[in-house]
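Here the structure is laid out as structure tokens; the discussion comes afterwards.
Letters A, B, C, D, E and F mark the chains in the order given here, with residues in each chain numbered from 1 onward.
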Amino acid sequence: MKDKDLDGMTFEDIARGIESMDIRGAAFIARAAALAIAKHVENFQGEGIDQFEDWVDKGKERLISTRPTAVSLENALRYVLKPGDDVESWKTSIEMRADEFIKRSHEAGKKIAEYGGKRIKDGDTVLTHCNSSLALGAVEYAFDQGKDVKVIATESRPKKQGYITVRYLAEKDIPVTLIVDSAVRYMIREVDQVYTGADTIASNGAVINKIGTSQIALCANEARVPFTVCAETYKFSQGTAFGELVTIEERDPSEIVDPADVRGVRIRNPVFDATPADYVDSIITEEGVIPPSSAYRILKEMFDY
Amino acid sequence: MKDKDLDGMTFEDIARGIESMDIRGAAFIARAAALAIAKHVENFQGEGIDQFEDWVDKGKERLISTRPTAVSLENALRYVLKPGDDVESWKTSIEMRADEFIKRSHEAGKKIAEYGGKRIKDGDTVLTHCNSSLALGAVEYAFDQGKDVKVIATESRPKKQGYITVRYLAEKDIPVTLIVDSAVRYMIREVDQVYTGADTIASNGAVINKIGTSQIALCANEARVPFTVCAETYKFSQGTAFGELVTIEERDPSEIVDPADVRGVRIRNPVFDATPADYVDSIITEEGVIPPSSAYRILKEMFDY
Amino acid sequence: MKDKDLDGMTFEDIARGIESMDIRGAAFIARAAALAIAKHVENFQGEGIDQFEDWVDKGKERLISTRPTAVSLENALRYVLKPGDDVESWKTSIEMRADEFIKRSHEAGKKIAEYGGKRIKDGDTVLTHCNSSLALGAVEYAFDQGKDVKVIATESRPKKQGYITVRYLAEKDIPVTLIVDSAVRYMIREVDQVYTGADTIASNGAVINKIGTSQIALCANEARVPFTVCAETYKFSQGTAFGELVTIEERDPSEIVDPADVRGVRIRNPVFDATPADYVDSIITEEGVIPPSSAYRILKEMFDY
Amino acid sequence: MKDKDLDGMTFEDIARGIESMDIRGAAFIARAAALAIAKHVENFQGEGIDQFEDWVDKGKERLISTRPTAVSLENALRYVLKPGDDVESWKTSIEMRADEFIKRSHEAGKKIAEYGGKRIKDGDTVLTHCNSSLALGAVEYAFDQGKDVKVIATESRPKKQGYITVRYLAEKDIPVTLIVDSAVRYMIREVDQVYTGADTIASNGAVINKIGTSQIALCANEARVPFTVCAETYKFSQGTAFGELVTIEERDPSEIVDPADVRGVRIRNPVFDATPADYVDSIITEEGVIPPSSAYRILKEMFDY
Amino acid sequence: MKDKDLDGMTFEDIARGIESMDIRGAAFIARAAALAIAKHVENFQGEGIDQFEDWVDKGKERLISTRPTAVSLENALRYVLKPGDDVESWKTSIEMRADEFIKRSHEAGKKIAEYGGKRIKDGDTVLTHCNSSLALGAVEYAFDQGKDVKVIATESRPKKQGYITVRYLAEKDIPVTLIVDSAVRYMIREVDQVYTGADTIASNGAVINKIGTSQIALCANEARVPFTVCAETYKFSQGTAFGELVTIEERDPSEIVDPADVRGVRIRNPVFDATPADYVDSIITEEGVIPPSSAYRILKEMFDY
Amino acid sequence: MKDKDLDGMTFEDIARGIESMDIRGAAFIARAAALAIAKHVENFQGEGIDQFEDWVDKGKERLISTRPTAVSLENALRYVLKPGDDVESWKTSIEMRADEFIKRSHEAGKKIAEYGGKRIKDGDTVLTHCNSSLALGAVEYAFDQGKDVKVIATESRPKKQGYITVRYLAEKDIPVTLIVDSAVRYMIREVDQVYTGADTIASNGAVINKIGTSQIALCANEARVPFTVCAETYKFSQGTAFGELVTIEERDPSEIVDPADVRGVRIRNPVFDATPADYVDSIITEEGVIPPSSAYRILKEMFDY
């Protein structure tokens, strides 16, 4: 699903789309949530500021319930929902800020593609994991600049988003090789750089991303291959600065295998893991290229505390 | 397939079984090859020592062609095929040595299970990869001694031998958890020990095993979890002592995905990788528990050079 | 000794209390010094701003002389002693700022307990060293939230402050195990997190704390156990930003053993050591959870240079 | 060549001096460029703001062409060339800002010597590489404070700037030992600290400096010897914050050997390398001692973006 | 207690001495057990080979029960108790072999002192832990050769055997400094070598020694200081070659503190820990200087299997 | 100088050739010493076994004095000088054994080239240091097998033996790139393998070789590039097995620079350094490819103790 598909959808359509993971990817989820909350306030039929506030809260809660651990969704709503004084001006503010958020999200994506693309050298082989539009954007930017760039992509079990990645690149004529997740260490000496996306960046610089990311980072670190994360600043988690832990979602075992096929076997399906700051060379944000330990500063600036 | 299934098979049946990977696992392949060559010499219909030698060589070549990189197969044949002086005594010698090899292989498996099982402590969680009967034998030994032992098993893409592992353990009522290959680093702090098998041990102590083994070893090493390899001495490669490199087999891409589904995408399917000796705490052989750097000594003793 | 015991004490009582280590712990020392300097200016009997300034300086020097390497003491005085224009307003300012400092110190302690406590997961075993009220506060916060939390505490030779720690926790019914300082590496695989306090944080993120802290951090790092430091921002050393080195105090040998018992033996008694930023995952301050490399930023903000 | 030698030189003299490396060292180049551009605008003989702007651009381009990868040169010009409204005031501004830049550069050098010198302890042996006036300034500061300080200096092939270093120190009666570049790891256990300069600091904290620096940093890290970099803030590269890669200049092979002497042999002469932030304990700037990961913050402040 | 004190003791005196740790140190225990079993067979008053065998077994069991985890004791008895054909010749054999074992143990100590002492360089500072007569023997050898050698010794809580060490060295006029166990990492950059003893060497090269040894080895490894273990070959554990785990004895909590003083506190008192082979540079045996991974070979030769 | 140049030389010519380093390289020195001692005994003009023994000793001492730290020279003499019963038979024995030693040395070189050459893969770039005929032999073997192999060679200051290396390879049309010693870490990611020679192998697996080798090994280890050492077994040092330390020769400062050019500067010129076993993947000997920790075993076999 893409941004333009959201236009015809209702608030509840979008909420369900996030829940079912038809709407996937931290940035897309954030934009979808911003749009959804704007659609939601359009539908307000009550009266007075108090009823409006309840309505807004109801919408917000519904959206947060779709992916309670998604920092980008929460940050998008925080951005959009600045409190207002009366119904009309608040409604307008929400609609305008939703538009603005979506626009800034797209622009952030372009800047990150540019900054990230510049850092890919002619002849580089880039390994990527899962399906990060930011990481792919950087590769595409480099490719469009005429650089000879090759990609190695992992399957990314259990949902195999790696197939989306390899098809996208093949369509763009960017040379791409598919491997199983287990083959990263075997291939790493042919790799010049690793580029991944992120779901959440913690205040101590840890990167929460698709399961498997941290062991790829470990392999890269062992072989002195730079590991770069692409992430808009709205993926930085304020809560972690005040002691909250990022909850690692464990999703349904049936994403891996039908439990009936392996009776008596416990199945665990954690969908993210945390890569320590030590294994991350740079985070590319729309604000520039930063070391992971500057995460705290990004948070300070964003939330102005 | 199991050892007893081999009895009714012809030489060529067995050769094809190894080729198609119906006969899998370095130890089982070795025993199958020993049996096959014995069956082969039974079928000899020529005359004289020269014709016999040709016949033996033909059989040997056919078997080696089924898995040209399998050290255990080569070592099994080396064990069985001591040269003889006349057709009859040589034939007898081959049949006896084939029997002996198979018997010693089974005994080696039992000893390794015992030595390995003793090293699992009450309450330990053991992570394993792919489907190693030796590693599972050690777990089972510990379990049968009344120890509380839990297993975490990886899927082991692309062939997903992990499912054989979890079903086997569930049947034995040994608590087992299945994870995707990418989740090893996420789970490793719950793990007390890693046990795997091996396809080949090189003279410098490197362990060649199922793709993904080396990144599990890396994760274990990072978290100070001991990494133990179970391997009969006939998996030690003499050739590596004289400069030969272990060839890492790359198998058909279609084991991963139908290439038609990802047109324009290169697919690489290496099936083994090499874990450096530094990440291996112990190798459990039927001769005892050794540090990986004693591989050279094992070779010296086996081949008496 | 506790905060309330200071009330009845004179300026000189407090100074001596710090000197003799009856008043111990970087935070307590800081509050005691703030209170003492307020008491000191109350006793001023001279006339005019010049005499007052001399009087203030005399007090300041006396306090600094009690523990010349204590950054928190120096920072407390820096906070309290903003220059004034006339005796009365300056006196008032000093008294008000001393109150304020003490209040903020207590609040900082509570915030750090909260942020730190949230980061302890249900079921976690936390190792701690020496006797840090901040680290214990975090454990207590987690325990009070109903989490199952266990503590392992070191003796902390030579002064054995670990005994204060274990008694405190036992009284609160928090399960606690005592070990000798040498047993940290042996126990570390049972540990989920390490929490310690700090005496001083340098501008490059190094943490100066009770002797032994750095080798615990090393053990934690080796076993991938997160190492967290709890420290109020007034423990960050401005001087280190301008090249000053943190002096590691070596105290009297008799704290270890009566020198007469080991004639001819040199005894060295360094009481702190420096843990490099690389081994520290997070520092929890009242301003939030930061990576150690943000120390410089904290200093910039505190001292506004 | 020294600062005072520049006075009698023309704009083009200076440009050529930089090109030929008679004017060497990132700080000296920066000051020379500031002075040169001031001399250049003095020579303006055209009319009107547009012609002046062209004239300024021409000068800027000429200077940048002399060492296109020198960040300090670019930052110096950026500092000096704030746009003006009319020819006269702009000219004056350029001259004043050039003066100011040169003065601040000298002051920065002094501050860094002081901050760096304080961090050298009595009895320390400091290893240095190439010929960094900042690093030597720190050593000299410590020596002048009466500390017993010894230096070990590398030759620094191919240009052997180490000889300038050892002669300078010997003249100051500071004990100094010369070694070949290969002997660093052999000597490192006699070393208490490593001090080097820098050509460029990237936004992720990587330090670009004379070829060989990164392997010295690696040796220091292996042996737990602190590695300190001395660098004025105008060596921090803004471009790297937006994805630009620092180009590592490869200079003429004949700096190493006359190619005619080794016919058929390719010669590569990279003159810088990049030391990752992980191996750098502190960077000493005129703004204070920072961890390398604060590079991004320095850039933010300098360029106010 | 010393070797000569054993002469006047009975079998049971010696057994109790081992139990109470009056007889301490793996080598001394081994010699005491050899002597005790010889005394025991002298006291035999039964008749016939069967009764004698029972008598021998009773003695053996009693001795093993005193320290069931002591490999040296077990190896001493294995050495002494070669089976015999008739009472007289067996008795004689036991007495002779006991003598021989004791003599060889003393000779081994002398050789290890020599080999170890040669490896200490003039000017070296050697850190040691606990009280190893072999490690001290090496230091003394070097000192007696006229080398300038200094020692740093840890207290070695809880039993503080470090005091025995420092008094011994002070008496010999060898310069020695005492530190608490926590100060090792702080002091390690002043240390040129670490020398310790061992209780047991496992077949994979791991060294079991006094609690704290492994974190000293870790500190040494971090700072590139060679870590040397002194151990006679009878401390190598055959059982570990067949899967047995070395049991780490946990002794009475009251060795640390009177439990009544810390009610409600659990106390754990592990007395050994395991240093992985990776952190050990050399093991000095009477057979020569070996890398830890040659442990397996030593076992093979000793037990001839 | 080459082997054939020795034929026309006298005993003393050869001794001086070794002294002056005209005869260089551990293997060449060994063969030269074997030949020299044979020439020496030819010149014997005394009478009787005692005079002969003195004569032999004189020759031996003279040769050892030329390079007192050269293990290969000592081992060559040990090989050649088996004691004899009467002058004639002893003389004959010396001559025969000298021949034999020289022949075995050449054969060892060929085997090492073969074993080492097989381990170089098609397309590999091999970095080498100094001028090791064994390492170059392996490269040449691979090249002659039709493999695409490239070499990167360091200058190897101070004697710049790297120039001999690059000229040799260029003559053979093997693509070779020359770099300064400082550029190893910069180039290492283009390198697939490092191959060096060795002067001495210690019993704990440490490799003593040309100054700079250990920092190349460190760079290789950091980047996961295998580090291989080529060495005949007569470079293994028996003395180290009994505690002797390998003396690192420091040669004349004037090899680096004319001391008069840097008055007041101390110059240190260590010509070897020690690479720890941990950084060495394999040692290729004529006996096969071994892990460095098997050094002890090689010694045991060679000297049969």
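By our rule, contacts are C-beta pairs under 8 Å (C-beta built on N, C-alpha and C of every residue); 3 or more make two chains touch, one makes a residue touch a chain.
Note that the structure is a prediction, hence the values are computed from the model and not measured.
Trainee: Which contact partners do chain B and chain E have in common?
Mentor: Of all the chains present, those in contact with both chain B and chain E are C, F.
Trainee: Listed by label, which chains are in contact with chain A and with chain D?
Mentor: C, F
Trainee: Is the contact between copies chain C and chain D built from the same residues on both sides or from different ones, judged by whether over half of the numbers are shared?
Mentor: Because under half of the interface numbers appear in both copies, chain D and chain C meet with different residues.
Trainee: Based only on mean CA positions, could you tell me how far chain D sits from chain F in angstrom?
Mentor: 41
Trainee: Centroid of chain B to centroid of chain D, CA atoms only: how many Å?
Mentor: Chain centres of chain B and chain D, defined by C-alpha means, are spaced 57 Å apart.
Trainee: Which parts of chain B, given as residue numbers and ranges, touch two or more other chains?
Mentor: Answer for chain B, listing residues that touch two or more other chains: 222, 278, 291-294, 297.
Trainee: For this entry, which pairs of chains touch?
Mentor: By the stated definition, chains touch in these pairs: A-B, A-C, A-D, A-F, B-C, B-E, B-F, C-D, C-E, D-E, D-F, E-F.
Trainee: Within the complex, which stretch of chain E touches chain B?
Mentor: 203-205, 240-245, 276-278, 291-297, 299, 305
Trainee: Which chain B residues qualify as touching chain E in the complex?
Mentor: Touching chain E from chain B are residues 114-119, 121, 278, 281-282, 284, 288-294, 297.
Trainee: For a test of understanding, state which residues of chain C touch chain B in their complex under the given definition.
Mentor: That would be residues 188-189, 192, 222-224 of chain C.
Trainee: Please give the residue numbers of chain F that touch chain D in the complex, ascending.
Mentor: Interface residues on the chain F side: 154-158, 163, 166-167, 169-171, 173, 175-187, 210-212, 214-215, 218-219, 222, 248, 256-257, 261-270, 273.
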